[in-house]
Amino acid sequence: MNVAIKAYKRKLDINNGRVDLSHGAGGRAMGQLIEGIFHKAFDNEWLRAGNDQSAFTVAAGRMVMTTDGYVVSPLFFPGGNIGTLAVHGTINDIAMAGAVPLYLSASFIIEEGFPLADLERIAESMGAASREAGVPIITGDTKVVERGKADGVFISTAGVGMVPAGLDLRSDAARPGDAVIVSGSIGDHGVTVMSKRENLEFDTDIVSDSAALHGLVATMVEASGQHIRLMRDPTRGGIAATLNEIAHQSKLGFHIDEEAIPLKPEVAAACEFLGLDPLNVANEGKLVVVVAPEGVEAVLAAMRAHPLGEEAALIGHAVADDHCFVQMATSFGGGRIVDWLSGEQLPRIC
Amino acid sequence: MCLAIPVQVKEILPDDMAKVTLDGVTKIVSIALVDDVKPGDYLVLHVGYALAKIDPEEAERTLALLREAAMGDPVLGDAV
Amino acid sequence: MKYIDEYRDGRLAKDIARQIAAAVDPARSYHFMEFCGGHTHAISRYGLEDLLPANVRMIHGPGCPVCVLPIGRIDAAIALAMRPEITLCTYGDLMRVPGSNGSSLLKAKAAGADIRMVYSTLDALKIAEAEPNREVVFFAIGFETTTPPTALALRAAIARQIPNFSIFCNHVLTPAAIQNILESPDVRKLGTIKIDGFIGPAHVSTVIGTQPYEFFAEEFQKPVVVAGFEPLDVIQAILMLVHQVNDGRHEVENQYIRAVTALGNEKAQNEVARFFELRESFEWRGLGEVPYGALRLRPEYAQYDAEKRFSMVTPAAKDNPACECGAILRGVKKPADCKLFGTVCTPDTPMGSCMVSSEGACAAHWTYGRFREKARTQDEGRAVA
Amino acid sequence: MNVAIKAYKRKLDINNGRVDLSHGAGGRAMGQLIEGIFHKAFDNEWLRAGNDQSAFTVAAGRMVMTTDGYVVSPLFFPGGNIGTLAVHGTINDIAMAGAVPLYLSASFIIEEGFPLADLERIAESMGAASREAGVPIITGDTKVVERGKADGVFISTAGVGMVPAGLDLRSDAARPGDAVIVSGSIGDHGVTVMSKRENLEFDTDIVSDSAALHGLVATMVEASGQHIRLMRDPTRGGIAATLNEIAHQSKLGFHIDEEAIPLKPEVAAACEFLGLDPLNVANEGKLVVVVAPEGVEAVLAAMRAHPLGEEAALIGHAVADDHCFVQMATSFGGGRIVDWLSGEQLPRIC
Amino acid sequence: MKYIDEYRDGRLAKDIARQIAAAVDPARSYHFMEFCGGHTHAISRYGLEDLLPANVRMIHGPGCPVCVLPIGRIDAAIALAMRPEITLCTYGDLMRVPGSNGSSLLKAKAAGADIRMVYSTLDALKIAEAEPNREVVFFAIGFETTTPPTALALRAAIARQIPNFSIFCNHVLTPAAIQNILESPDVRKLGTIKIDGFIGPAHVSTVIGTQPYEFFAEEFQKPVVVAGFEPLDVIQAILMLVHQVNDGRHEVENQYIRAVTALGNEKAQNEVARFFELRESFEWRGLGEVPYGALRLRPEYAQYDAEKRFSMVTPAAKDNPACECGAILRGVKKPADCKLFGTVCTPDTPMGSCMVSSEGACAAHWTYGRFREKARTQDEGRAVA
Amino acid sequence: MCLAIPVQVKEILPDDMAKVTLDGVTKIVSIALVDDVKPGDYLVLHVGYALAKIDPEEAERTLALLREAAMGDPVLGDAV
């Protein structure tokens, strides 16, 4: 985003304008789009410097880096939009290492014809989300593709963060006996997005849980960092996918308790409508943490003291299991496996 | 495939459609296959169509039977 | 959720389970077939088997329309969908059903076919209206539950004069299938599998009522309890069946009285009768040709019948010879008896139809219940080592 | 890319298979795609660790971060493909700060129906490019969108790097009198991609110049880092756009000499066919460097000693100019302005 | 590049420039109009003006078909392209030409119109064949150079029976435009602008030959030199014009003898004559209605004539009143005389047609030459300050 | 718009098409508008169609005239 051209005299027509191919061609029109929408919305010294890359100073230590692509449809939904997801989701992947997120980058792929007003709205919510999180978007890129070769806008964000000294969370770190805690009610994001899907439309007051979790993580790490084995944000595939991944990576099983899992009645009802299991539904502001038994109390207390962890719940334990099964005691009283969903046919939710 | 759920009618709409609800989730469905649907009724909903009304008294009777059965009383069912 | 939560009450379930345990004759075994995939799913998802005494075994029947759709019909639908003018609308359940040579609608879509998942026949109609240049075909599948919505879509297409809408009809009938199972050599003549009673369909019965089951109860001397799809419905139905067996009765009983009557939904039946007629014979995957086991559009609606409109042919296609779906659907074998189960055949890469829908016997067992076998094998393995 | 699932028994059918929606759904099929194609091709310890993010150790200092989205069409072209571009382009934006590129992330947005064989080919060339450059792809993400909602595959890469102590290149650092050097012949990449565009097709032996420039940059910094004002890789918009951007950011003008600019005869000929000015055509393995007069000799010598800078040429100088014009003495003997291209109607070339 | 490089030899150019300087009469001025945008572009891109003596001034004529296309024709094309069944194929040059209210084909495309850029009429035909369900309209524009390819596409569409192909014809004729300029009140009657001679079209002349210019040379007593588009061609033509003026001659001379003959390409002329006929009148942007200044399809090809086939209307549409394109195209004003030049009107946001194509007088001056004015203004500014 | 370039014919193809080249760049174009095209000929190419042949002798003559003119000899041109 290195274009700074004042020679462009006509204003962007945000209200009625659309992105056209000239906005991606490397000329003045592109510079105007980037300045008039992205720089304005993200507003920071790094972007204003107008280099091909942005610079920052770091102390020695362990850093983490992550990236995610966002292709959610529809682009706007109650509680957020593709832009807030792109900020929160990448911050969360950084935070899941226990790290302090520092900076984000953003790559936009925009479909010809996309309304400038929608683009501005997305950019402004990204700016707001990034300011609220204290994690600036310091570098970016814009491409425009022909109509019919994208779906409105796709955003890929990357992020870097710094891990507090002494902390080293790894996917294979869970041990039999460890506790599994979820930070709040599950399925809110996925159900919200699906409720707005054409042909699936239903009405509900549920809103996406999209949120940046690094603040919550910081209090957890402070409370009992040495006892946290690993953290995951259960996005695509829901907590079912997350627990199965951890089970396979740590080579153990989980026993969880259906009754302990926080679930909003409307989310449960929407899942009945759709024939879905809430365990398979995506979240964008929740985390699953595996904690050594000694740390459970402290971590849970810290979580519950944070607005994003008020409903945190201990939902089960890791067990030795060569088959890496995630088993659940159903609220009905029986037992079952909790598996990855096969060949999901859902709308894109992140 | 035969997934169906009990929903309550909120509002009758034109063209044999109705707004139905389940715990705060609302959807518009067809009631063309069921006669005399009124707001407040409970319906069995399948692929966007109501297939049957739920009879509240019979539902209560089933639960009563269940509770009796749970206590060891003979289950009578409804021999037809 | 009213009419849901109260039927998922685990405490009540345990009490009833206790009554079942008290009621069964320890000297004998009880084999009940739940015909419907809805019941199979409930049994697996809520872990009902854990509540039953060892001598009460549930046999998963063929009651999933996705599972019994023969491979040739999938191949025919794929061939149709690959035609450039066709938009094929289908319920999501069908997307991953395996056709020949590893094909599926999902893969056909990836290969360029215009295939859309719909939630309701109404959506397919909407697509046909919105895109008049496309030939919109609704891939109709399902038991008596799902047929009336197809009939209504056809009625609307005629009334609203939507010329580019047609139906690829694969609707099948439950009574015919139950009869087929009871008459199969395994079950009837060879006596290799004993079925002591049936749990009858829940939502199918809201449409057809309980009356159609009287014939079997009488002819084959088997008790039938029509039951809802919630776990308490199922466990209550099992208790009712145990009592019938103990009493030597073979009646049709209705556990699902809150939604099912003796005569069913006559309005829905009339809609179906108006637009559909019986096929003399139709292949059910796993069961073979079932006489009068399916419906087709009446000849006067030939222009809405995709099979005629597009001269569709149903190619002869064989299931994987190692797949035991047929025996499983007839209750002769269990999923774990199949060599492919859990090795090459999983819900991600189903080889047979029972592994496709979450209501299929193999899929339900794999998704929710396989830890039981593993636990067994593991114990055995450890005992040996 | 945190899925490690062995329970998937059937192999990916690379030869005949296509990406379908299940490959993006967060289940086993996605895990298999990621492991079977991306982890295999990129092959490193970070990806194998299977976390939501990847960790590395850094020394204290100045870091840079960048991102770019790649949407080139066609995806494969002589001299490279979208994957090599995605590695080289982001490394180059890091290198343009004079920095040592350290790590990359990669976000894939794949259109339903995309051949697995093509995806593997792209991933393998990314792996090879990243190994050759010594910059591993340590974290990634995969999304699948419906047919008609993307164009085969889009890739967004981000990168981080460390700036050598004492070096601080900035977009506004050029001064009147500074020299402008280009590292080699211009327009090769853009012409190559256009030559393969449907409807525009022509035959030529030109290949894309796609290359990672950090090695060249390292020799330049070593030779005369203190005299380098700033560097840019002239991608979209060509050297015309790059020089205009620098002119506006540094608030000066440039005088360049057409005859001094290295240009392959075939590129010149292709530009005649297309009615294009080679100055507007994209490059993917070239850089423009602005050097203080004292450093010119050393920088030029260092560049010419490197395989990627053999044809490096001094093409002009910065001049004081309130209008920030880039003026060129034509080989014909006249003078003209070199401007941004307006509303480019070209195929997407990066 | 043979036949290119040798005509871009700067040393030779300087020598010829010296000869021009030596030949001109210092007491008088020489105003030559290059009719063609190709010449305008060459003059600007190679900085030819820097080589000419101060009393030789080039006037940029209306010879860019993109620049002279009236706003109403753009509006009509946009309205057509917005129809859902239409695919409009066009040369890239037209994409950014401003229509009414800030519209353009580029923006119409962004708003959903199916508009495709083609390199050749052959590509448009290919699209029509490949997509028989689309109505493919070729937005035909250009002088005599570009008309024969349109004629051949029409011939092929007829021969290959491509029913979904048609042409929106905007082909215009150079002699009519030259005549219009010479007859305009500014030039002829008011004498506000003096044109001492013309550089005649290069590639137009490969088709029509040099003969059509004889009339002007004679009727208006102006020398004409047909010249190639390379910078040496242009500078040589200028020298030839200076000599004619000095000699008091008004002949048609041919500098571009390597490609242009007296009679031109008769085969191409016949193709054009077969399919096209003169319009009685046609609006040229900047020049107004020009009698017999354009072509349309012959009535026997009405089905291929998009104007008839789709009942297109050309709305009355006004240029921005501040735009001086008209005066500039007639040589009365220079780009920098326009208030909008370089402020709101730039190649990125053109207000008038001369700013659109790189061959337009305003665009060429802005893109390649504006530093000259700025240098002047800057000097003046400094002088004042 | 009237952009045209000189190209050399490499190969005559069916249907009035030809493969032409300019400094290592090759393209297939229509030669339907020009008669008697042979490999080796130079053509003026415009929007995918050859419009005219280039006459090598006249080209040489133009250059000769240019060189003469550059030396100050009178430029004669080709009065028609």
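Per-chain numbering from 1; labels A, B, C, D, E and F assigned in written order.
Criterion: a residue touches a chain if its C-beta (ideal position, glycine included) is under 8 Å from a C-beta of that chain, and two chains touch if they have at least 3 such contacts.
The UniProt protein names, listed by chain, are A, D = Hydrogenase expression/formation protein HypE; B, F = HypC/HybG/HupF family hydrogenase formation chaperone; C, E = Hydrogenase maturation factor.
Just so it is clear, the model here is predicted, and its values are computed rather than measured.
Chemist: Using direct touches as single steps, what is the fewest number of steps from chain A over to chain E (Hydrogenase maturation factor)?
Modeler: Step count on the best path from chain A to chain E (Hydrogenase maturation factor): 1.
Chemist: Could you run down the chains that neighbour chain A and chain C (Hydrogenase maturation factor) together?
Modeler: B, D
Chemist: Looking at chain pairs D-E and A-B, which one is connected by more C-beta pairs in contact?
Modeler: Most contacts of the two pairs: D-E.
Chemist: Can you check how far apart chain C (Hydrogenase maturation factor) and chain D are, centre to centre, with Cα atoms defining each centre and the answer in Å?
Modeler: 55
Chemist: Cα centroid separation between chain B and chain E (Hydrogenase maturation factor), in whole Å?
Modeler: So the centroids are 75 Å from each other.
Chemist: State, to the nearest whole Å, the distance from the C-alpha centre of chain B to the C-alpha centre of chain F.
Modeler: 84
Chemist: Using Cα averages as centroids, what's the distance between chain B and chain C (Hydrogenase maturation factor) in whole Å?
Modeler: 21
Chemist: Could you tell me which residues belong to chain A and also touch two or more other chains?
Modeler: If we look for residues of chain A contacting two or more partner chains, we find 7, 21-22, 27-29, 265, 268-269, 272, 342-343, 345.
Chemist: Return the residues of chain C (Hydrogenase maturation factor) touching two or more other chains; collapse runs of consecutive numbers into ranges.
Modeler: Correct list: 1, 4, 96, 106, 119, 123, 346, 348.
Chemist: Specify, in ascending order, the residues of chain B that touch 2 or more different other chains.
Modeler: 3, 5, 22-23
Chemist: Please list, in label order, each pair of chains that touches.
Modeler: After working through each pair, the chains in contact turn out to be A-B, A-C, A-D, A-E, B-C, C-D, D-E, D-F, E-F.
Chemist: Quick check: in the complex, which residue numbers of chain B touch chain C (Hydrogenase maturation factor)?
Modeler: Residues in contact with chain C (Hydrogenase maturation factor): 1-6, 8, 22-23, 30, 32-35, 42, 44, 46-49, 51-56, 58-59, 61-63, 65-67, 69-72, 74-75, 77-80.
Chemist: Note which residues of chain A are touching chain E (Hydrogenase maturation factor) in the complex, please.
Modeler: 7-10, 13, 18-22, 27-29, 112-113, 147
Chemist: Using the touch definition from the top, list the residues of chain C (Hydrogenase maturation factor) that touch chain D in their complex.
Modeler: Of all residues in chain C (Hydrogenase maturation factor), those touching chain D are 96, 102, 106-107, 109-112, 343-344, 346, 348-349.
Chemist: Taking the touch rule as given, give the residues of chain B at its contact with chain A in the complex, in rising order.
Modeler: For chain B paired with chain A, touching residues are 3, 5, 22-27.
Chemist: Within their complex, state which residues of chain D touch chain F.
Modeler: Contact set of chain D toward chain F: 195, 201-206, 265-266, 268-270, 272-273, 275.
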